[in-house]
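Letters A, B, C, D and E name the chains as they come in the text, with residue numbers starting at 1 for each one.
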Amino acid sequence: MVATAPPAGTGLAVSGLAVNYGAVPALRGVSLRVPAGSVVAVLGANGAGKSTLLRAISGTLRFHRGAIGGGKVSWSGTRLSGLAAPAVVARGVTQVPEGRRVFARMTVEENLRAGGLGGGRRSAAAREEVLALFPVLAERAHQRAGLLSGGEQQMLAIGRALMARPSMLLLDEPTLGLAPLMAARIAETVKEINARGTSVLLIEQNVAMALSLASYAYVLEVGEVALEGPTAELAAGDEVRRRYLGVGDPAAERPLDGSAGRRTLGRWRA
Amino acid sequence: MITFLELLLNGISIGAVYALIALGFVVIFKATEVVNFAHASLLLAGGYLVARLQPVTGFWAALLIGVAAAASVGALIEFLIIRRARAGSHTLLAIATIGVDIVLTTELTRQIGTEILALGDPWGGSVVHLGQVTIAETRLVALGTAAALIALFLLAFKFTGWGIAMRATAEDAETAALMGIRLGRVSLSAWAVAGALAAVAALFLCVFPTPGLDRSTSLAAIKAFPAAILGGLDSTTGALAGGLIVGVTEALMSGYQNQLAFLGRGVGDVAPFLVMVVILLARPAGLFGTRETARV
Amino acid sequence: MWAGAAAVAIAVPFYLEGFWLQAGLFAMSAAVGAIGIALLTGSTGQLSMGHAFFLAVGAYSYVYFAGDPAAGGSHGLAGLGLPTPLAAVLAVLTAGVAGGLFSPIAGRLKGAYLGIATLALIFLGQHLLFNAEPLTGGYNGRAVPPMELFGLVFADSPSLVVLNVPFGSLERLWFLGLPLVLGAAAFARGVLRGRPGRAMNTIRDHEIAAGVMGVPVARYRAAVFVLSSMYGGLAGVMLALVFQRTVPDYFGVLLSLDYLAMIVIGGLGSIGGAVLGALFVSFLPQLLTRYSDDLPLIAEPGSGGVSPAEAARILYGAAVIAVVLFLPGGLAGLLTRLRAAAGARAATLTRTPRARLTPPPAPHSPSPDTRS
Amino acid sequence: SGKATGGEPATGGDGVRTGPGVTADTISLGILTDLTGPYASFGKSLTQAQQLYFEQTNAAGGVCGRKLQGIVRDHGYDVQKAVAAYTEIGPKSAAVPQFIGSPMVTALKQRIEGDKMLTLPMAWATSLLGGQAIQVTGTTYDIDMINGVDYLAKEKGVKSGDKIGHLYFEGDYGESALNGSKYAAGKLGLTVVEQKIKATDQDMSAQVSAFKDAGVKAIMVSAGPRQAASLVGVAVAKGMDIPFVGSNSAYSPQLLGTPAAPALLKSFSVMTAAAPMSAPIPAIQKLVSDYQAKYPGQPVDSGVGAGYGAAMIVGDALKKACESKDLSREGIVKAHRSQPSWEGGFGQPMDFSRIDQPASRASYVVKPDKTAVGGSVIVKEAAVSDLAKDYQVPVG
Amino acid sequence: MPAPHDDARDPAPLEVRAVTVRFAGLTALSEVSFTVAPGSVHAVIGPNGAGKSTCFNVLSGVYRATSGSVRFGGAELTALPPHRIAALGVARTFQNIALSAHQPVIDNLMLGRHRLTRAGFVSSGLRLPSARREWARHRARAAEIAGFAGLGDHLDTPVGLLPYGVRKRVELARALCMEPRLLLLDEPVAGMNGEERTEMAALIGAVRRGLGISVLLVEHDMGMVMRLADRITVLDFGRRIADGTPGQVQDDPEVVRAYLGTSAGQEDM
């Protein structure tokens, strides 16, 4: 895929974004672009600021006592930064939160309805599409969402977000804690969603998967963009492989038993 | 037998009023997970306005204004306090509502002073004879109103977008916001609805068999606590069931207190609480409440 | 600094008039009760609106255990005539037993549910107090036998003059109340910092984890409830001694709510906060009444404006709201912050302050690290 | 330390022995009232009437060359606040012409007696009798009810073998009253059907059902005005055409604005030791016009008469104490107790010399009246029934 | 395998026999059986919703089994409440971190010592010397365990301020503080990056080497499972579909179909 910068005005543009939690800076001058119709990945270690980035876009920073300190976010030319979450949804940008966060006490069906509340009127059609994408949700329609397994919950969370018929989907670690097969299912789903014309900003720990899905990727490190480029280049480059794929890292290859230097813990005798 | 029927009917009808009050707790609890201890003062506020206005505007207009005003007081509490303290825990917010209750009740009782205010309702002191059983007309109206309102809310919670938005917000405000739900509106509307319900309940608490609204009216609201909780704090059906159980228990225990002398005098007041304790022992989340099922 | 505080505390009865001593003693009793609630609500996340009941149990059992059956006179009130210190200890234990009897509920319910369930205790308690006349004296209550410790009677007679100051019951009780409050606070602190405290906090933060780590959750909830009712009982005994009379009306819902207000205003979860809150809530109405003549906002009694009692209630209701809105750590948190600010100004950049999460432990707040 | 001096009696320049609360030019009187609690309306009338008395007395030169001064403390019907307030104002008061609430007075009984503080409780329970310093004015609740049952038997056709109901509050008030009705019923061969309620109960439907079921021929009411209104209203609506007789605290003119008014006007009467404010007694008529002049627009209820009367009793005790040059607290109590037949111009004479007897045994029968001052008029002049005459009052 | 000790606290076999767990209208586990040999690392894998966490919840007493038995040492676990199971030396971590966010790390760890300590309300309240001595002794051990888990620098930091990966290690350390005979780890590396995963895997290996206890492991990271586990049980829809050594399981066509999707090697991403 081509990774040239898209013309301004289409897609998502983040420029010089700075976010603070109280006095603590979490993002410093982050700029990135998600061209309309593309999948872009953001990678980074725990605490790099990936979720913070999504919160800044979706307008949920205030729930974490965070605030935008500078820069701006815009979608198709309209400014998103400063808007409250429902207003962002109304402009077609929807986020699937980290850790799924389904409404545990409501049924699957009701979760889906909740997802459709902020969006347009055609929720019946949206529902059809979501259930076609995730047939298991139809089977479990009347079960309480809190009692679904992790993967089922993740599907519900994505399905729920799709109920708003977004043109831009923000996904925060959708494969967190999912079985390999399920992670692959989710990856397929992301592709399918994208194929239907929705742009996707994907945050992942599963770097290999992220690189295979996205056309362009950014790597965040302690609140700043440390690396960016077309995924094909990144995947080939040593730096990403070593830092995030655990490939080529001697530690990963180290035999687990009998390693030298590791602290040991003896039994406790009382 | 006649006495029994009469007591039962009385219990059911006063129970309907308790159910209306309990419904107010339930609405707020469902929307914000906050137990609203200020409900009694909302009730007093609504009743007070109706009583003050009715000589000027006539009963129906006064009732409308009173209901609207109580709704705005509820909304104002949400807007000024609950919304701003969103970060706090629910227990803390519940205690904050105790603070609200203290302030409002003190000011309202000061305003009411020592008067007994009539609400000027059209039913007056008339009674209806059903066979040999007599019952105040106001109580029948209360029963009908409560049943209708409760049914309405039951359906609303289950089937309307408003109901779903409310429950979603209660559970996880941030995620609800991500769904495009306007949290401010949801919680504001819940408090407004609770205020309106409180005003309606105040009306029925202060009409005929009771002499009118006075400073102690809000104390009656305390009986709605066992009603709300024995039904299950998050259940509309529970509010109805709880209200009726409390009303009937109270009426029967007071009516038969001479036969129950060994339990001590005035057992009618304690009975609702005893029933509540017994039910909670068997079902810690109340009769219809959802049991917390945690997954780890 | 501690010596200074001790000296002031000891000097108080020599200088202040009865009114202040009495207010101080009420506050001491309130502080003990509030510590009990702080253990329950602040540290374990359980709400109780029924603590007035345990104060009543403490007060009435003391009177019953200490009351002289012969002196009951025409009222024929029952009493065991035990030595008063023993009666006080037994009264505290009785309050504990009463809390224990409630443990099937206290162990199983949590949060606001428990709060409302405990309302039953108030109504049940008052029903008993009114109806068990031979024990309680019914509506009129009973006179409280003064405490007698090492030959010293904590009453107005026989008269006693210390350093030229007549020592009546209030002056004498001061020296009984002070060590009791300090002891109660020290004990609670020990509990919170020790093994039980950690278990309690985990029950508040994550009930299931607590169970899996080996904490018997229901038994612990019940045990904390019992401990907290014993604090209530002790507060009741102290109150009875100051009051010299127990009356059922006093032990109502409002009293229970006062206790909740105290721990919130003081700062949830800390013992110092409970004590501060108790001082605030008990002194406020007394101060306003006392100085009503000089306060501009407050009307003369009977003139139709805001009376001191009303002003006090409104102020303390507002204080509860204000604390929840603006002062998450309560008065205790404010003090800590002020002290930290003062410390930061005094000491320069030599030390880095220990990391601290901003909001204090709040019962039932979802822990931020749950990924579900 | 400033505490080193006590409140010992001393003798002033004018040769009058003085105690706490009395200085060279003022006599301070403690008023422990309820302005924010359930008895606020009563407390307000009482307090204003007493202020009126102080003003009038001071305008006339005061007592013993000293001005009277009230120290008002509102306890809001809360025992702890009352105890605190007494602790505060006790040391600076010479007497207490108003103390609302029998639980509050009972709680402080020992201290009041110990302080020898002449105290007039505004409660009429028999449990308050028996002390030197505490003076219950007028009748006690039980005497009123005895007179009431007697009235029912003599004039309302209640006869031996009938049942009468009694609705009463838990506590001193209700139970004292119940004692009276039971005593009278026993003497007259009636049975009492009891219904005990709490001050927070509002709706008396269940109680009416029970009374109706028992077939009572009359109902005594020793509860609050609200409960009386509900009881009478419901009973009349259910077609019970029987008389209702209330204790003096069961009625308030405000009830005449409620839906229960017609029923009350029809069937309710009240027993009271004090003449109603509409009574054609010159002293009362003067009081009413003075009060209305000072507090225009304020209701003139029974609290006005009770408060003024109580202030007058204390004022007279002070005057008598002044005559014997002893304004110490003992002196005041002694002077007060030396009056076997005090008559303030308000109707019935009172005997203050017996500490174990009510000051009077005569009750008026009054009934609600919309147009009358104070909302009630006399139906039957004060009289002591034969039953009440022989009645042995339980003390303490 | 470490040399066996003759110790009463030696790991006993854990025998899960025909355990069934039903929720309203749903069978989360049906007739599942497996045995964890003493001192071994046993993995339970399976797709999401297969019932792995449910299994852990039964083992730790959080859920009650509808039928079946779980024996550990001489005890029948299905009849016991969580704290009694903990008393037998069964410790677990949670899939979703379950720590007290406002308490410092050391206090969270000391909670793990709960079952091993005695100080009650009275002795703590009065600060009896016995309670203080006990505290000092156990704190030293907790600090040792913290050091082992690489938490030595964070002892006084409130858990809520720590990064996710560190919190996961606090969870493990807290479980270790129980001095368990059986350690249940529910997705210990979920949400971690490659480096943190390696770190955690090494830690688990060291635990097993140093303490010789049995470890029951639920994990989706197949690379880690394959390297660590002695034996693997595979669940699908609440049923056991395979049980065997990593090699056997990896090649089991049923497992490939239900779980791995492709051959296991590729999952090591």
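Criterion: a residue touches a chain if its C-beta (ideal position, glycine included) is under 8 Å from a C-beta of that chain, and two chains touch if they have at least 3 such contacts.
Bear in mind the structure is a predicted one, so any value in this text is a computation, not a measurement.
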- Query: How short can a path of touching chains from chain B to chain C be, counted in steps?
  - Reply: 1
- Note on the structure: Overlap of the chain A and chain C neighbour lists contains B, E
- More Cb-Cb contact pairs, comparing A-B against C-E, go to C-E
- Go ahead and note the Å separation of the Cα centroids belonging to chain C and chain E. 43
- Task: For chain A and chain E, let me know how many angstrom lie between their CA-based centres, rounded off.
- Result: 29
- Take the average of all CA coordinates in chain B, do the same for chain D, and state the distance between these two points in whole angstrom. 37
- Enumerate the residues of chain E that touch no fewer than two other chains. 53, 62, 94-96, 98, 164, 191
- Note on the structure: Flagged in chain A as touching 2+ other chains are 99, 101, 104, 147, 176-177
- Query: Going by the touch rule set out above, which residues of chain B reach two or more other chains?
  - Reply: 87, 110, 265-266, 269, 295-296
- Task: In the complex, go through chain D and note every residue touching chain B.
- Result: 36, 38, 40-42, 44, 170, 193-207, 209-210, 212-213, 225-226, 229-230, 233-234, 236-239, 252, 254-255, 257-260, 262-263
- In the complex, chain E touches chain C at residues 60-62, 81-83, 85-87, 91-92, 94, 96-103, 107, 110-115, 117-121, 123-127, 131, 135, 156-161, 164, 167, 174, 178, 191
- Message: Show me the residue ranges of chain A that touch chain B in the complex, using the header's touch definition.
- Response: 58-60, 63, 65, 84-86, 89-90, 94-95, 97, 101, 103-106, 110-111, 113-115, 117-119, 144, 146-147, 160-161, 164
- Item | chain A residues within the chain E interface of the complex | 45-47, 99, 143, 147-152, 154, 173, 176-184, 205-209, 244-246, 249, 251-252, 254, 256-259, 262-268, 270
- Query: Which residues of chain C touch chain E in the complex?
  - Reply: 187-188, 190-191, 193-199, 201-202, 205-206, 208-217, 223, 227, 354-357, 360-361, 367-372
